[in-house]
Amino acid sequence: MIGNHTWSIPEGYIPEESTGPVPEMTSHETVCVLNTNDQEATIELTLYFTDRDPVGPYELTVPAERTRHFRFNDLDGPEAVPKGEDFASVLESDVPVVCQHTRLDSRQAENALLTTIAHPGE
Amino acid sequence: MIGNHTWSIPEGYIPEESTGPVPEMTSHETVCVLNTNDQEATIELTLYFTDRDPVGPYELTVPAERTRHFRFNDLDGPEAVPKGEDFASVLESDVPVVCQHTRLDSRQAENALLTTIAHPGE
Amino acid sequence: MIGNHTWSIPEGYIPEESTGPVPEMTSHETVCVLNTNDQEATIELTLYFTDRDPVGPYELTVPAERTRHFRFNDLDGPEAVPKGEDFASVLESDVPVVCQHTRLDSRQAENALLTTIAHPGE
Amino acid sequence: MIGNHTWSIPEGYIPEESTGPVPEMTSHETVCVLNTNDQEATIELTLYFTDRDPVGPYELTVPAERTRHFRFNDLDGPEAVPKGEDFASVLESDVPVVCQHTRLDSRQAENALLTTIAHPGE
């Protein structure tokens, strides 16, 4: 059993601008989820904002023994994730998974990257 | 209950120069705080330096079920955070929160980014 | 005994393009393994994908009291790691080791970097 | 008591080239150490390499309630840290500290950054 049921990512921000070919170099915010179990993971993602109530859950699924790199840009469900606005996220999975947060920022001609393993919660 | 009461960030440095539109592309050092509780979080932030006594506490608040991405650049309270000087920080919250450290460095024409989940302390 | 037997990295992606001198500035995805033990570490690495079965194990060895920074680009054994495709990885070592994930992305003229300590598993 | 006695950083690499003003934009590899104790921290740092024996200890000190951001570039002691060569490091402190790893890579005109909290060891 690899991973945890709850993961948190306090940082979240989708830059409004992008430079370069779509979708590869589009500015994006991603949560990479690894499910090593022999059963599908069903994940409820909730978004937190600066000055309004949380939005969610967004329901995500990762098949058994698969990884999915979800772009926040592409989430639908309760509502699209706003660009240019601070947010944070919490993921709750029915089976243990591992989550990593990555951003590609291509507002300028040369892209910048950041990543971190998310915070495993209780 | 998601998170911890104490978080540490040994790295801290606000570049003195910036390139690009203000405030979006201003070089900045940020701590993102996520409060999933149903009550406000009151956080005392203390800054540590290379060769002088710690400064603080800076008092930060994050409402219930909200995230706040605090730029060290914008902190007031005991004193402004100096630019171009190494520092570190410790956050102590009255309720469990999750903290992530991010920097945007725009000293040059193309920005660079870094991030990490802070270190959850005792 | 420093480290863990199992490590996970949900993010994985080798950019298809590179700019600059080979191999130093070739876009690459790396797992850095530190073995502080007085015996060699034998590591089985398994890759997970979005829509096909896991591939592995790739067998890696790190001599006693050495570090090895393995580029996914250079792995052979069951099959080469595809470029431009999302993946994730799990490492299982017979002795405790510490793992860190790094990418250099040189698709554009100026390189971007990301890193994180991998997630220590059960 | 904030932190741990042992910290590991599997990734280590000082780029051979730099662009921009010295020392601010010199390519560097840094370990940031935060000592919140009321006594000085004495730290023994050991470097691990790909194909030769570990080198160390390098002795570092961080005064009580201070942070020090040590550039590997500037370490003396047993021997200078080689540029352009993979290494890893372990820090052992007599009092609990927190360690974070940062690199600034200025091989190209626009700098790149990476960071992560180091791995807290036993």
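Going by the order they are written in, the chains are A, B, C and D; count residues from 1 in each one.
Methods note: a contact is a pair of C-beta atoms (placed from the backbone, for glycine too) under 8 Å apart; a residue touches a chain by one contact, two chains touch by 3 or more.
Owing to the predicted nature of the structure, the values given are computational and were not obtained by experimental measurement.
Across the assembly, the mean Cα position most removed from that of subunit D is the one of A. Looking for a copy of the C-D interface in A-D or B-D, one arrives at B-D, which has over half of the same contact pairs by residue number. The geometric centre of subunit B is 30 Å away from that of subunit C, both derived from CA atoms. Note: centroid distance subunit A to subunit B, computed from Cα atoms, is 21 Å.
Contacts with at least two other chains are made by residues 109-110, 112-117 of subunit C. Chain contact summary for the complex, subunit B toward subunit D: residues 6, 8-13, 48-51, 53-54, 86-88, 90, 101, 103, 105, 107-110, 112-119, 121-122. Looking at the complex, you find that subunit A touches subunit C at residues 1-3, 20, 25, 30, 32-36, 65-69, 98-100, 102, 109-117, 120.
Subunit D contributes residues 110, 112, 116 to its touches with subunit A in the complex.
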